[in-house]
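Sending over a structure as structure tokens; questions will come in a sec.
We just call them A, B, C and D in the order they show up, numbering each chain from 1.
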């Protein structure tokens, strides 16, 4: 039975692209936190597992007029018609109504990868290999997160184990709601440039809600109507135009021949 | 050597020649099984699929063979439900082809998924909103139906017929065949449609996403129709191929013509609806999702030619050919038209699976390419070899073509 | 009621059937899924009480404050100590995984003898005592007129002082530090100011106009917290920072700078002198103040050489339009405070003459000794007395070293083996490396003594060399020290016959700092700040350090030295500068010819070993290029006959490398970028130590000049 | 999937979906079970012979299903639709009623040796389409045997498996089995009756039966003028059975069938020929 919590939240994230230097700390912190194993010898950017991944996007112009921006992309936590959840044949993807977090249940995943085809953000990753750590390095695994097995899909879940910990802490101190300071995903904590803000979008007092409502805020592929809960900020217009293809200029290097 | 197992009254190649035909295919099958077992044992890292190309050759293969396998349900439907008796001569071969296509699709799916041992979870924790659940349920039921439909054929083998219990069971089962044909038609309708819906519901892939009609995206109906158009053509092409390989006439020309006519009519309806659907998609669905449709075709390898090819040379041309009685009575032209139909459906499935995944969604995504690994190709080849073997064995030992004896007699 | 056997059977049968209609068997069936999750091949997560420990990251001199989350006393995750107030609170990805290095697959388990064949490195184990004895033997029986040398890749530590003290007793003893940009910059300023032993820091937090010449300020040049401060300055409402980055390469700094000056390879001197020319021409007051008053030994020569660098000539040489140059010059002169920083890239130092020109321009701009400019640093005192002089490898005569000790190699490898090789005595030599892993240099050594991995021992962190304040802290041990590891001081003790404990030496140094009585000690745990004078003794400070704390000096604001000369004291500098007015031809891709430029992330990962998890940002995403990716402009690529994704070979006079072509329209045509940084792709593989490579012998040249290379399809 | 499984949802879509799935599954299983149950029922009520005959008839090419009234010239073309069972054939009755049908012919009493294509086909008996004959004996019993073409097809008989006295045989049902060195030839009984005596290979007949109550119904058996055209067509059919593709081995055209075909024609699958010619399913 699912416990129904009265205090509902809608957790979301705002990433300031004007502050991201593409250092990769978020990616690494995420992997450390969630016991994502190091890549195998022949891993590539297309077979690896990076729940939080930094892309480099540009304005499509050529040298020397080109401008670039680093874009960290993780599960965008779609709030409407969540594509991955609706396509999973065996309910291995769930949207927690209490938090709005889209969660993956690896023990139930068949590995059909339909959700990966469904996700427009490429935020879902498949375990192509058995999880392996160099000898002895298991000692440096996060005790709070179970490693996944080969053949299942996984993705960002806003560090769900940290939410559990925060809830336990709240329960042990007799509070009904968690302290926002207790629940911060690893990437948010790790970002050396403080580019990522996290919080409850429904809480009008939260910083994250204010940022998401600002002029600089936009979401990727907003027109497909999936209502992601991850927002991006930029004061550069061309960066905001990256949100949807219809407003972005055609990128020349994508078009070959 | 094996004469006692060959149906009476038909001539089959000498055993050694049959073996010479079987053994290379068996070798291919073994190679493919080795590739597939590598994928199962070592994991899917043996394939060239990746997180971005989460589906590859196998899903494409599945969608295509299942479309081809539609001949089984549709012929059964026409014969048993619509009482089109003229299709009786090809019902057996249609059933065998259907069984081959569906069983191979299921086998490949079992290699394709990461945790095949959990396949039953779909039944246990079904998400009824997922097209894949619908596909899984229908495929499972339908493979049972196909096996039941195939069983009487097996029991028709001379050695089984000598056993009264088998004989009577085959007789009784055959009498109930319309029930199975009806169930099969019902199930096939849904899973052919759901396979289309599989991509049509992908909101995040505007290249494949389609508006809903009722509760299904339009590709649901287009898939049903295109599969129904392809099924008879596949039966036609394979039967003709077997005729050529065995140097025998197996069915009468009028059967071919009927299959061609059915294929042509359905293809025409399909094309009409597909064109409307494409126009709605280009002008409405895709732009409103933020994707200018012309952009999909800006990649050199996947230009507008692919859309044109699907609709004109592999759609309109065979449709017009098949609707023409003269063409239908001219076997080489008829077979050419049927091959074009199959090519069109193959291309359509390719576009929906491979092109959908290679096209970028985010503005800074690259256009991707994918080349299957040898393990994937081997598994693919194993499916073909399995099909050839099962069909060859069925053709040799089971009375697939009821008209064969008669035609042979008349021709003398 | 009569109980019959039949009744019993019926009951049992019915019960079995009935159970099927209860959740029990189905729930059990469901749990099968858990078994696949907990198979023996799935690693088990550690168990134990969860605790938090504080330490300092010792992977680079940045010395970031870290908070380690531990299970059963073993750290499993690192994060920046956020409550720390001394401007830190940020970690780079390498620092975040520093605790993984102890599990590195190339970790050496004991003293090893290295056997090196043409493409392979093999190790034979050796007892520590044997290794010590062989080293002592080499010291004692060395040929006459050959010396002992220590290459200290991380100078400034207490251990460095011990090395220097040891070498002072040898004849000759060479104490060799990396010939890097920091050293060259200090040299150039010392030249210009006529004052030796300068130590300068960059006050980037207050700069308004910052011109960086190849300096990767957004890519690990300084510790992440200062990079964040730089970003904050860009959004400063009153006087925002304008960052102009000159670099032929497209780097993360090129991308993030307000303005990128994609100068032609090798034209950085021309750019600096051209800007100097513009500033002097347009701002006679500056010129008057610094040049007209004859603060140069050769005013005529200076003006002559500057006349060779007119905006037109420089625009041609650098490829930067005249009006852009004028605007940059104007910004430097007007948007004060301004500063020019050159070099600092992990791909190698830029040449001395450019540094001399940069020093001149900085002096001209008045950024020397000004807030927002270059400030003097007050270096930490050393407990050792009578220390050998600091030299670079170039200062050592050829064939003069018979015992060489290389230390600190695991963190950085800014000295390349080729420059060392010729210095070794042809009559026999022994090369010893102290490193926890097999690295680029230790793979060339004869004996490797495995030093403890990060967090296995109390290591001294002397603070960010780019900072204007000096700091000191201790990387508190968090992991048990691996059996068989040897602290370098143990080797030194063995050689010098003394027995000093590292901890005692560190305390001696802390006592010296304490004696100066300046600065603050900040704790990581609570962010508390305490004046140094509140601590009664070095022991108390030591305790605070072990619990996670840092000492920082107060900033120094010294007035500029009075006597300086823009040309410095380098002989013939004017002629060498003049030679740079004319450029070498750029690679245009014809016949596959390109100018190959080395790139590297400049954080702690610049060259040392990195966590196995770093595949996430090297291989599994495109954040950092791997050594196997050659990045080219599509036009250049096509002229070379290669396409995006092709396998290709890039060849220079010193070697060749197999690469995958990656196109980027943002790159300068005619150049190709290739990473020289660490790469989990090759880490630990034979190819890592392969005999030749494309950049061999070129690291001592400016990385921005590049080398000529041929690219062809493999 | 089931209400007690975690994740079961009481949503309409869920219920409809699973309802349809279970219905289809149930329907498949029920239909399959029905086929099974009918099989058991058929076997229990000994309908297997009938079914076998039905299937054997269906197996025949339509050109081989010639009606006896075409054979005897009553009509130009007619294909049998009643499994060669004239006893229940309305059309046959109509022909008889018309009074001009040759099927009404009475067999000759004398054992006229009638040479037909080199075969011995006496017209003093009735012929079954499965190459067995029925001859009413003077004592009121009936002998049942294999016709000359059948004997030549079987060749040298090594053994026979005959029903014992007292056993019942039914028309079109299993009669007896002949074993030769080429295999087993199963023969259909031409007539209903109770076996009185079993013959042997040396005798002309294999079974002597007592007719069932109400006298022997032999209206489905061929006689008189029907026999020759039938034999001719059977020779044709044999020719085809021996060489489906028209190649060797074949009977010499117009020649006389040899006495023992299996010896003369070294063909492996004689059982197949017998099954074909003796109308086995």
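Here is the rule we go by: contacts are C-beta pairs under 8 Å (C-beta built on N, C-alpha and C of every residue); 3 or more make two chains touch, one makes a residue touch a chain.
The shown structure was predicted, so the numbers you read here are calculated from the model rather than taken from an experiment.
Visitor: Smallest number of touch links from chain A to reach chain B?
Guide: Steps on the shortest route: 1.
Visitor: Report the chain closest to the protein's overall CA mean, measuring from each chain's own CA mean.
Guide: A
Visitor: Measure off the straight-line distance from the CA centroid of chain B to the CA centroid of chain D, and report it in whole Å.
Guide: Measuring from centre to centre gives 41 Å for this pair.
Visitor: Could you please state the distance in Å, as a whole number, between where the Cα atoms of chain A are centred and where those of chain D are centred?
Guide: 76
Visitor: List the centre-to-centre spacing of chain A and chain C in whole Å, with centres computed as mean CA coordinates.
Guide: So the centre of chain A lies 30 Å away from the centre of chain C.
Visitor: If you average the CA atoms of chain B and of chain C, how far apart do the two points sit, in angstrom?
Guide: 60
Visitor: Among all residues of chain D, which ones touch two or more of the remaining chains?
Guide: 5-7
Visitor: Would you give the residues of chain A that are in contact with at least 2 other chains, written as numbers and ranges?
Guide: 44, 47-48, 55-56, 58, 91, 108, 130, 149, 256, in rising order.
Visitor: Where does chain C touch two or more other chains at once, residue-wise?
Guide: Residues 26, 30, 33, 36 of chain C touch two or more partner chains.
Visitor: List the residues on chain A that touch chain B in their complex, please.
Guide: 40, 42, 44, 46-48, 55-58, 71, 73, 81, 83, 86-92, 108-114, 116-122, 124-130, 149-153, 220-226, 241-248, 250-251, 254-257
Visitor: Which residues of chain B touch chain A once you look at their complex with the stated criterion?
Guide: Going by the criterion above, the answer is residues 43-45, 49-55, 112-115, 118-119, 121-122, 124-127, 129-133, 136, 198-199, 201-206, 209, 287-292, 295, 298-300, 356-357, 360-368.
Visitor: Would you tell me which residues of chain C are touching chain D in their complex?
Guide: Listed in rising order, the residues of chain C that touch chain D are 22-23, 26-27, 30.
Visitor: Touching residues of chain D toward chain C in the complex: what are they?
Guide: 2, 4-6
Visitor: Using the touch definition from the top, list the residues of chain C that touch chain A in their complex.
Guide: 33-34, 36-37, 39, 41-48, 50, 71, 74-80, 82, 90-93, 96-97, 99-100, 102-105, 218-220, 224-225, 227-228, 231, 235, 252, 255-256, 260, 262, 603, 611-617, 619-624, 633-634, 644, 663-669, 680-681
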